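Note sheet for the following structure.
Chain lettering (A, B and C) follows the sequence in which the chains are written, and residue indices restart at 1 in each chain.
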């Protein structure tokens, strides 16, 4: 469904990604993990159109998207939950959701979609008229996900969902994501710092370090991989944590 | 006592016109963080369009408003496409504002000279059957053109409020203002939203121009003084605070009216500008906003 | 070091040329008028260059400084003060005006400084227009003894002063501070630079130059039908155009830009008529949008490109 081939991405003169390639198949949950500054968010920005790769190509369902503006990519069916949520602070919960349904088809269906979002995250219905900036961190994350789902995407990108959230909340939300993936066959690509959570949710995973893909494989295998355990899970050889 | 009532009434009517001028300025500044100092010149342009429609086809200026709106809306689209959209690639807001100031300063030069060339530097104004006529209520003269101005200002205030809060386009505008990148991730075509907003803003300048040409007069270079009034009102209302523009305009009108008693008519503009400097120095967020910056 | 001597030599030759020219040739009133206006533009554009180009503060009230210089010089000269002293006094008076205008407005955030100065200049224009609602004239004796040559030389001298002042200021510690303020005011403040002080200094020197320019203009024009015209925003805008087109923040830029504006303006006026003004406006807009370094900067950019290209070739050769 999503194919990234050999992209280089730069911020001005600073190169952040070197020759990155990965694929996401329909219906999968794929994750990309790595430490801070490894290039995870850069990949998300490249896919969603906020950054343009210098070389290489990104194609979605056969269509080459790396030259398209972000809003066109959103219309094509890729929706992103950005890092830091990036809600519209002075607009209400309901209005945030409505803006998420800006594409024509999504706009027509928005009333149904909103009801579905309220089912997924009941707290949002309670807060419908409140301004987004008054919500708690967890509620904001739910709203951000809800907003991204309003456009009825076929690929959902999630950037650093767990940042700043209590572990219990993260579990709750990741369960909702897993359910949507199963029930709606929604393909999900998430980048995460919380390697444990990401690899437990996903079908497949990639590890990125210093702007280059280091490993890939089935999530279960990566979880058991010794090097990964040591580097990211703080489990030293011999099984002792910390 | 009669004088005071007259002063208050005139102040309100004039203030409504002032608010009308500020709407377009406030929209561009609030939404895109551009300062369009050519706003006054577009006002004059609107006045000229109305003048020629009246002179050539005899259409009453207030009836010709839709035509003026179309003409100035298109001008606004051109302004955005040619001179303002290249500035979007500047990352820093301060740089954006500063460069938009310089660029639109250039637009003033081009536009004012173009208008002088096309229509001569002579002053134009529209005289209709009701120019100079007034309604008398409680001993105060309410000029017909002033009342029209008040009516249009109220209409614009209501329309803008409605558009911004109830329509999808308005939501796109507010989303783009609060977080342009996030908006484009949601599928909002931010560039097109900016384009249309710019068109609306310049169209509002044109509408103000219709009132100016029928109540006062227009010359190709008089745009600057109207611009400064618009800026004063915008600063009084607070950057981005569209709903406060009508009250801010009326307050300015009242202050000006009152100052006539103190310093006399020729200096009333100077008084407004001095008030402006004082407000900028001591309360730059405007009279109507608290410490937090209000957003559209 | 040799580069500096070369530049100095060229400057010296050009100056000698301008000094000697009227003495060896009969230039005619048209050309002399043009050159006087050129000198005035060089003065005004260097004035704006100092506060706008080097210090990064967009001053939209240059006309106020210019007009002040015109007025003060005019009345002092009318009162039999020798013209050189009157022009100097015009400059000093403008510095006083700059203190009054500058101290409050320089505390405002960037764009509000620009609007504040624009507003203050407008206030001054309105007030002066009302106070001096009629002709501001010189007695007939001044008219009969009028000759262009003294205006030419006064203009040339003050223009040289303006360029020299900008040269010395920008090559001093003050100049470093000014550029620091322009490039990143916050960073400068954090490293302990008193940015307000330097902004004020830059504005005062800028005002002095503009006031001198006004003085030259008063000497040149003698009488004014409508004094509010010398406070017109055109006197801000056209020097600003000259600076941006020529290259803000350079020594030679404003000179080139002034030359461009004044001389080419004459040339185009003959062929295009009034429309040439529109052409310059469009050029200005293009410069702001696409060539922010002006003509001088573009030459530099071309030079850099060529240097990079030749370096590339050198590497390949190895």
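Here, a contact is a pair of C-beta atoms (placed from the backbone, for glycine too) under 8 Å apart; a residue touches a chain by one contact, two chains touch by 3 or more.
Source: prediction; values computed, not measured.
Chain centres computed from CA atoms place C at the largest separation from chain A.
Comparing the chain pairs B-C and A-B, the larger number of C-beta pairs in contact belongs to B-C.
Of all the chains shown, the one with its CA centroid nearest the global CA centroid is B. With centres taken as mean Cα positions, chain C sits 55 Å from chain A. Averaging C-alpha coordinates per chain places the centre of chain B 32 Å away from that of chain C.
Mean C-alpha positions place chain A and chain B at a centre distance of 43 Å.
Contact residues of chain A toward chain B in the complex are 48-50, 69-71, 74-75, 79-80, 82, 86-91, 95, 98-100, 102-103, 106-107, 147-148, 150-151.
Within the complex, the chain C residues that touch chain B are 58, 60, 104-105, 107-112, 114-116, 118-120, 122-123, 126-127, 130, 233, 237, 240-241, 244, 274-275, 277-278, 280-282, 284-285, 288-290.
Across the complex, chain B meets chain A through its residues 168, 171-172, 174-175, 178-179, 181-191, 295. Of all the residues in chain B, the ones that touch chain C in their complex are 35, 37, 83, 86-87, 94, 97-99, 101-103, 105-110, 113-114, 116-117, 224-225, 228, 231-232, 235, 266-267, 269-270, 273-274, 276-277, 280-281, 284.
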